[in-house]
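You will see chain A twice below: alongside chain B first, and alongside chain C after that.
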Partner chain A sequence: MNTQQAVIELLEDLTGTDISNNLDENLFTSGVLDSMATVELLLELQAKFGIDVPVSEFDRSEWETPNKIIAKVESLA
Partner chain B sequence: MINLQPYSNPMYFVWLAVALLPLMIGLYFGKRLVVYQTIISGIFLLLIFGGPKWQQGLALIGYIIFQLLVVGGYAAYKKHANQTWAFVSAVLLSIVPLVIVKVVPAIEVGRQSWLGFLGISYLTFKSVQMIMETRDGTIKEFSPVMFVRFLLFFPTVSSGPIDRYRRFQQDYLQVPTREHYLQMIEKAVHYLFLGFLYKFILGYLFGTVMLPRLAHIAIMQRAAFFHSGISLALVGYMYTYSMYLFFDFAGYSLFAVAASYLMGIETPMNFNQPFKAHNIKDFWNRWHMTLSFWFRDFIFMRLTFFIMKHHLIKKRTRIPQAAYLINFLIMGFWHGVTWYYIVYGLFHAGAIIINDYWLAYKKKNPQLPHNRWTEGLAIFITFNVVCFSFLIFSGFLNTLWFQAH
Partner chain C sequence: MTVDIIKAIDAVATKTPNAVAYNYLGQTNTYAELKQDSDALANYIDGLNLATGSPIMVYGDQTFAMIATFLACVKSGHAYIPVDQHSPNERLLMIQEIAQPQLVIAVKTLPVELPETDILDAAQLQTVFQQASPYQLTHAVKNDDNFYIIFTSGTTGQPKGVQISHQNLISFVDWMVTDFDLPQRPISLAQAPYSFDLSVMDLYPTLVMGGELQVLPKKVTDNFKTLFATLPSLALNVWVSTPSLIDIILLEPSFKQDKYPELTHFIFCGEELTHQTAAELNRRFPAAQVFNTYGPTEATVAVTAVKITPAILNDYQRLPIGYAKADTTIQLDQVNAENQVGELIISGPSVSRGYLNSPEKTAQVFSTASQRAYRSGDLATIDATGLIFYKGRTDFQIKLNGYRIELEEVNHYLNQQDLIKQAVAVPKYNRQHKVTALLAYVVLKTSDDRPAFEVTKQLKQQLQQEMMAYMIPQRFVYRSALPLTVNGKVDIKALIKEANAND
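And then the complex of A and B:
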C-alpha cells in the first residue's frame, strides 16, 4: 500500500469522512480535523510510519489538506 | 520623570512615529538598525516602567534575569540530557513568579506582590513556550540576546499579541523585501486608523460613556427579580461590556500589530471578527487568537497527546472533554484567582463540550437542515452565550451580589 492510500484510510478511520475525492480541501476550516483528531493523527503517524512529529513542530498551514499531509509524511518517512 | 503607558494617549503615537522613522528608513533600504532599535526599545520600556512605576521596572529586570537563568539553564541541560523531571521543573520554575503575583491579591485583598509588573502574564507565555519547544527540539540554539529581544519587544510587551520565538527570530534576522515592507506599512496605517476607531471612539463610547450609567442603574435595581439582580439594565450591561471588551482590546491589539509591522516584525493578529462565529469552537479561533492558540498548542494538544499515549482515559469522547476542562480552568486561573474568572473558564469548557456533542449529533444526522437561517441562528446563539460569559468575566456580578451596598 502506498503512502497516499495509507493516509487517506487513516484520515477516514479518524474522522469518519471519506476525503479521497477532496485531496485539496482544507481539513481545519472545513471542521474535518479538530485538535483532538490532529493529536490522534500524529500518534497514528508515529505508530504506522515511525515518524516523530512534536506538537510544536506541527504548523497547521503545512498540514491543512490531505495532499499536504501525504507530502509531509513522504518527506519525513 | 515622565511615564507613558502604551497607546494610551495621542502623544504616545507622536513619540512612536518619531522614534520609528529612522528604523523605517533603514528597513526601507534593506537594513535593520539593530543598535538604534535597541536604544529606542530601551527608551520606550523606560517610559512604561520608569518614573512613578520604578518598582515595576525593578521587578521586570529581576524577572528577565530569572527567566534567562531558567530557560537558558534548561536549554544548556537539554543539550546532553532529556529527562522529564527536568522539563517539568523548568516549566514550574518559569511560572512561579506569575503564580505568586496572581495568588497574593487573592489571599490578601487589595495587596499586590512586589514581583508584579505590567505584562508579566504575557512574558510568562513566551518563556514557557521556549521551554516546551526546547524540550521538543524545535528550538535548538538558545540565544540569550534574542530571547531578551523576544520577551521585551516593546510594542507587545504589556498585553500581547503573544508571538512565537521562531517566527519572531526569523522576522528579526531577515529584513523584508522593499515591496513586502511597503505592503506592511500600508497595512500598519490601516490598522492604526482602525485601532483609533475601535479603541478611542467605540471603546470609549461603550466603556466610558455607557457602561458606568448602566452599572449604576443595574445596582439600583439589585433587588429586582427575587433579589437576583436580573434587570433590563443588567442585560444592557452584558451587551455593552461585551462590545467594550472587544473594541478596547481589539483596538489595542491593532496598535501593537501596526507598531510591529512598522518595525518589520509580523506579529500575529489577535482578532478575526469573533462575533461572526457560528459556534464556540469557531469563536475561540477568532477571539484573542494568540492566547487561544497558545493554549491549544501548549496545553490542550499536549494534554490530549499525553493522555492518549499513556492510555489514561479509556473512552475516546472523554479525552477532549477532560482536556477542555483543564485547559479552560488554567485559562481562568491565569486571568486571576477570583471566582468569576474561574467560573468563566468552566463555563467555556462546558459550552465547548456541549458544542462537541452537537457536532457529533449533526454528523450522525446529515438530514438536518442547513441554510442561511440555521447559520444565522447559530451565530445568534453563539453571540449570546459569549456575551453571557463576558458578563461573568466582567466581575460585575461580584459587585452586584456581594459588594454593592
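And then the complex of A and C:
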C-alpha cells in the first residue's frame, strides 16, 4: 500500500469520513480533527510509518490537509 | 478563613500593589491595576441604575479585561454570567432570554445583536477603565447573593443557569486554600475558558492568595508546537486542568521535574483521572502532589479530593474521586444491595440554590428539606473511610475533554437538521472508561449522492451555528435505519456497543 492510500485509510479510521476526494481540505478549520484526534493521528503515524514526530515539533500549519500529511510522512519516512 | 472574596482580593492590592495578578502570554497586570479597573467599572455600573441584584452578561475571551469586569460586577452588587467567545449565536440568544440581563459587557465584539439590552462594547469598556476613581464597597454581592451564574448543558437544548452565591464560593475557596497544601502566592495555570467552571478552580484561590494567573489561551493549546514553546516560560507552581490536557502534555518526554522544578501541584477536575495518567505523573514528578477532585457545577466546582499517592495507585486500578470536603455531606441514595452502588447526594454550604428562572428544573434535582441538597445523577460507592468511587451516570450525561454533555441535547440539535431524518449520538470509550469522541449515527431524509465527507462537513457547519463546538460529534456514520428496542425506541445501548466493538 502506498503512503497516500495508507494516510487516507488512517484518517478514515480516525474520523469516520472518507477524505479521498478532498485531499486539500483543511482538516482543522473544517472540524474533521480536534485536538484529541490530532494526538491520535500523531501516535498512529508514528506507529504505522515508524517516523519520529515529537509533539513539541508538531506545527499544525504543516499538517493541516491530507496532502500535507502525505508529503510530511514521505519526507520523514 | 475567608469571609469575603472581594475584600480579600482588594486587600492583596493594598498589601502588594505591584505584584502581578494576571499574565497573558507576557502581557502582565498587577493587583493595583485589577483594583483600579474593577473600581472604575463598578462606579460606571452604579451610574446605570440597574435593578438590584440583576445579573450582567460578560462575553469575551481570556484576557485581563474579563477578570477585571467580573470583579466590577460583584463589587457593584451584580452577579456575572461568563460567556465564552466561541459560543454559537443561538446559545447567546438563549442565555439572554433565560437570564434577562439589563447589561451585557462585550469584552470581545458580540457576533449577534442582543435585542432590548444595553451593551457596553470593548472600546467603551477601555474608556471606562481609564477613568480611575476609588470605589466604596457599600452594596457588593454578599452572603446568599449570586456571585456568578454559569450555564451548563440541558437535555432539551435549553441551557441551565447554575446560580453560585458568594457563600457557595467562599466554601469552595476556603477548602482549596486550606486542604491542598498550596504554596504561598502560587503561580497557577489558567487554561479553561471562563464559561467552564473549572476556571474558578484557579481564578479565585490564586487571587485571594495574592498569586499570579498564567494564562494559556485556546489559540496556544490548539497548536502543539506553540504550546510546548510557551509552557516552560510560564514557571508554574500549580497545574489546574482536565486530565485530557495533561495527556497531550505527557506526550512530550521533556515534561518532567528537572525541566519544571517549580511545578509542585497538579489538580485535576472535570472528568475521570485514569490510573495510567496519574502513575506517569508520579513517575515524572516524584516530588509533586497530584490531586484528583470531583464535583458538579451545581455544588461549586468540586466537593471531593484525594491525593494520588503511590499507595493509592497500588491499591486501586480505577482511582477514587476523593473524600467529601469538611463542610459537606455526601451520601448515597437507593443503594443497590448487590454492588453497593447508589446515586451521590451532595449537601452543604457550596450547594447552589438552583437554576436561574427555572423553578421546575430546580425542583427536580435540588431539595431544601433540612439542608440544601443536590441530586447529582452520578453513581458511586463509598468505603468505610469515606473514600468515594465513581461508577457512572444514572442518565445519558457524559464528560468529553472535561465538558459536560447531555446526549439528549446533542440528539435534539441533530434531529433539527433539514438533512437528517433521525440521528443519535453515542460516546466512544477508551480502555480507561474515558470518553474520547462522540459518534453520530445518522439516517438521512433523502439519499445523498455526495461523498459522506461533504455531507458531514455541511452538517458540522450547520451545527456550529447552533451548538457549542465541544458538543458536535466528531464522527458521522450514515445508516439506512437505526436499531430499535422492543418498545420501538432507538436502541442506544446497542449502538454504544457497536461503536465500542473494535477495542
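Throughout what follows, the second predicted complex is superposed on the first by the 77 of 77 C-alpha atoms of A that agree within 3 Å, B and C clash if a C-alpha of one lies under 4 Å from a C-alpha of the other, contacts with A are read in each partner's own complex, and residues count from 1 in each chain.
By definition in this document, contacts are C-beta pairs under 8 Å (C-beta built on N, C-alpha and C of every residue); 3 or more make two chains touch, one makes a residue touch a chain.
Computed from a predicted model, the values in this text were never measured in an experiment.
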Partner chain(s) touched by A:L42 [first = chain B, second = chain C, both, neither]: both
First (chain B), second (chain C), both or neither touched by A:S30: second
Touching partner for A:D18 - first (chain B), second (chain C), both, neither: second
Partner chain(s) touched by A:S56 [first = chain B, second = chain C, both, neither]: both
Residue contacts with chain A in the superposition, chain B compared against chain C: C
Chain A positions touched by chain B in one structure and by chain C in the second: 16, 31, 34-36, 38-40, 42-43, 54-58
Chain A residues touching chain C - in the complex, by the definition given at the top: 15-19, 21-22, 25, 28, 30-32, 34-40, 42-43, 54-61
Touching residues on chain A, where the partner in the complex is chain B: 16, 31, 34-36, 38-40, 42-43, 54-58
Of chain C, residues touching chain A in the complex: 221-225, 228-229, 244, 247-248, 251-254, 401, 436-437, 439, 451-454, 456-457, 460-461, 464, 469, 472, 474-477
Contacting residues of chain B [partner chain A, same complex]: 132-133, 136-138, 281, 296-298, 300-302, 304-305, 308-309, 319-320, 323, 359, 363
